[in-house]
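Should a chain be cited, it is by its letter among A, B, C and D, assigned in written order, with residues numbered from 1 in that chain.
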Amino acid sequence: MIELVANRYGKAAIRLVRVTRDPGGHHVRDLTVAIALEGDFDAAHTDGDNTNVIATDTMKNTAYVFAKDHLDGPIEAYGRALAEHFLGEPQVDVATINVRAHQWNAIDVAGTPAPDAFVRGGEGTRVATVSASLGGVLVEAGVEDLIVMKTGRSAFSGFPRDRYTTLPETDDRLMATRLTAVWRYGAPDLDFDATFAAVRATLLEVFADHDSASVQESIWIVARALVERHEEISEIRMVLPNLHHWLVDLSPFGLENDREIFTPTTEPHGLIEATVRRGEG
Amino acid sequence: MIELVANRYGKAAIRLVRVTRDPGGHHVRDLTVAIALEGDFDAAHTDGDNTNVIATDTMKNTAYVFAKDHLDGPIEAYGRALAEHFLGEPQVDVATINVRAHQWNAIDVAGTPAPDAFVRGGEGTRVATVSASLGGVLVEAGVEDLIVMKTGRSAFSGFPRDRYTTLPETDDRLMATRLTAVWRYGAPDLDFDATFAAVRATLLEVFADHDSASVQESIWIVARALVERHEEISEIRMVLPNLHHWLVDLSPFGLENDREIFTPTTEPHGLIEATVRRGEG
Amino acid sequence: MIELVANRYGKAAIRLVRVTRDPGGHHVRDLTVAIALEGDFDAAHTDGDNTNVIATDTMKNTAYVFAKDHLDGPIEAYGRALAEHFLGEPQVDVATINVRAHQWNAIDVAGTPAPDAFVRGGEGTRVATVSASLGGVLVEAGVEDLIVMKTGRSAFSGFPRDRYTTLPETDDRLMATRLTAVWRYGAPDLDFDATFAAVRATLLEVFADHDSASVQESIWIVARALVERHEEISEIRMVLPNLHHWLVDLSPFGLENDREIFTPTTEPHGLIEATVRRGEG
Amino acid sequence: MIELVANRYGKAAIRLVRVTRDPGGHHVRDLTVAIALEGDFDAAHTDGDNTNVIATDTMKNTAYVFAKDHLDGPIEAYGRALAEHFLGEPQVDVATINVRAHQWNAIDVAGTPAPDAFVRGGEGTRVATVSASLGGVLVEAGVEDLIVMKTGRSAFSGFPRDRYTTLPETDDRLMATRLTAVWRYGAPDLDFDATFAAVRATLLEVFADHDSASVQESIWIVARALVERHEEISEIRMVLPNLHHWLVDLSPFGLENDREIFTPTTEPHGLIEATVRRGEG
């Protein structure tokens, strides 16, 4: 016997820009949205019966229509409105909405922000994932592609040495990463924008201001601080590629290179991930 | 109380090429390898104690050394050798090795394959993931980035219509996808190369030779056929983006467009995934 | 005084697929088209006067309409039809059409090509550029992203050594590249498909079957052979990144590495380009 | 007779990071460098004679060594030092150095910039190209990948309509682009950092604060302003893809969409380029 044991479908990479034309200036929201549904869709697979299959094109249309009415506030609220809308269909058990927000800043014109011209910028991308099911609404927020570097206070030593080990120990290396952090909120209603800004600031601050014995320890220190200082967070997952910066050997040229000239690399890279949670105790 | 609830680390994007210089001609293996470990690594996080932390640089070195001795056969055997090596360290509970194989074909010179010149090609990328733990060795194989298209025998109709639905029904659409399929083998020892070739051939053949009522049904038909026809497979997971090809409206130019001229798109795309398993019954 | 000294505009990345439904099976053409015009467009810049500005959206529409009537033959003919169409507008001095053709192969079903299912493949991308002006029509053809490798018969030695030189000489290295070759045809009317196939075959054959003292010499040997053997070609330009494959140092592990295990890299890479022409003499 | 009519070679994608450890805090320079030489290299092609071929590996080494001594000032000075170094070799006629600078900002810790932790950011990438020949030194500077958007004061109308034209006229569209601008300095010695900052500020300011009848007119207005206001600039070339944002048709859902909800797209895109020069008059 052959069974369908899991399935999930939706629309990904829905791109949308909303321009709000206030008297004091325009506001731009620029989002990439993904929608995924789980539920009673077995017949679509095994019988070619599409009775329950909300078309992914319909999902896209819904994302655009909801952008008109549900995007005045944070992306988490927009995601929740979409998630609850799709959960309202009887065949849907879980609706998951992922939103990535691309940042546009008003262009500075002689000290004043332009009312209607923007430059894309930002350090990392703000993301939110809202998932709605009969069990309730779960909201996660986070940052992706936040590229950060410590040029000091980063070591890596004391690791085991076997016949395959050539890496020297170091008490002062350069550590760089393209950080992903996604945290779960304990409640579905929050001041999402203010909380995001505060969590992101803590994340950067603790990353900058700690002594690192390894990427692993850095993750723990940053993640623990986020959970400690932000009671809205119940759990956080971090993924940090270790984007190695190798000291260039300048000795063939009669030069010393005291942690000054590095080659940044992306292949291969370390990849370190961990999940940290607020316990019951 | 704040807890470390999960962690995992390793080296990704290890690039390696092995050239074997046989009298009859050279052979090229071109791999991208990722290694990930789980186990007793809590102290590295919470105490900055690296005693147990096998350096990811050591992992990379090991991948190169093992390429000399363990890469005469299939990539699954190479992956298994690496996985079992790392599982041999007492602090390791699970070692997972992912291998992607990039294809090089001997260049044809006047009807004869060149002994030492190659062109990169291939339709999709062969992948294998071997994971070793106290529970045993689990081998998965598959293809990624296999781009395929049905220009006939593909429909999508009978889906529900609500106020957000504008997609017309169709009994003859173009269906294109960048297919990922990963199947689990029931046993860790097989003729992996022959099995892979046979499974891949079935996959393409069934994809080509079936009537599709939806991407969901196509996944089911293909996945079921793979499990039915290849007893080595116990489970298969497929992920199919629906890379929409929209019919261009040529009516403003006084022309009919009877399923002839399409605009291929990548944003947004449908995303359909399912897992099919051989049951006990 | 401030002058507009050059300008050019058009539409790029027009994606189009054409399906021809013959009784014996479907045929798929999958193209990416770029259109660029030069001519009397100064007023659009300096006066905001769009009287002469053929909208790039119109160019896109034209590319789709012409795909119906002018795409039964080679991409060069399609490009020429578009180029001559735009040159027909009085304000246009030069119309340049670039076409990239993505390859789809019929899927094999039990030894027979499927009539309506395809897999994307191919080694490199075929390209054509047609440019029409009062001076006539110029046709260029070529390949891009043709990734090739020589595992033998490739050396690099005899280069100068100064205080910045550390590279050892070698009489047997691995040479890999992502080759671009664009050749100019001496006449605008040819059997473009047959000529392309023949030139491409020569290119691969000579690449495989020559001794290389450097990438520079390889370019010369290949380019000269193409011009010598294919009288249709008047000039050829080749661009070859040198995608270094570094021999892994296995001596720390007590192992020899006699040109067997390599690390392929993309950053940094050599970049070698040259143009070779049939002279008058 | 077959001739080598042009050739050029070098090393591209040299990645380097320099950390300067001042008492008040670290400074990070993060560059991607490309080096290209033209000169007496014919024998390398036609005779396999590498006597004159400075190895591209040597170029890479030189870039690292020069980063120690010549990177305290602007990237233009670093590029010039490298260019003049290579021009010093007798076989070199032209040495061209391209430098792209990636921006790192000190992380803010409770209102104070961290001395040794950075976040990658920036709006666009600063670039410089220095080319040295017997004729002298030519310095170009610019920005790449500066993504900007006008949500007002942008129109496109008055263009010709033929049977292929469907685009409606508009007096209020959204205009977005990923701008490249490269300007030539009239002299090889300037306060490059201050000049770059001033030119970039003008560029953004004029982009924000003008009425656009087309991308063409915008290029002219911006480029002319740069040449007018910055006497250091003798010529400027701008390349602007028109990244169309299409108004979503919400009428099927009974909703008006008055320039509010857009779909951003990248394929196809307009592509408009022009060069503007300070004339003699």
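Side notes on the structure shown:
To be clear about the criterion, a contact is a pair of C-beta atoms (placed from the backbone, for glycine too) under 8 Å apart; a residue touches a chain by one contact, two chains touch by 3 or more.
Please read these numbers as outputs of a predicted model, since none were measured by experiment.
Of the chain pairs listed in B-D, B-C or C-D, the one whose interface repeats that of A-B (more than half of its contact pairs identical by residue number) is C-D. Between A-C and C-D, more C-beta contact pairs join the chains of C-D.
Computed from the mean C-alpha positions, the centre of chain A lies at a distance of 29 Å from the centre of chain D.
With centres set at the average Cα position, the gap from chain A to chain C is 38 Å. Centre to centre, using the average C-alpha position, chain C and chain D are separated by 24 Å.
Among the residues of chain D, those touching two or more other chains are numbered 15, 61, 65, 164, 166, 252-253, 265-267. Residues of chain A touching chain B in their complex: 1-15, 34, 36, 41, 44-58, 60-62, 65, 156-160, 162, 164-167, 213-217, 219-220, 224, 227-228, 235, 241-242, 266-281. Only residues 163-164, 166, 252-254, 265-267 of chain C touch chain A when the two sit together in their complex. By the touch criterion stated above, chain A contacts chain D in their complex at residues 15-21, 26, 28, 30, 61, 64-65, 67-68, 104-105, 107-110, 114-124, 146-153, 174, 201, 204-205, 207-209, 245, 248, 250, 252-253, 255, 257, 259-265.
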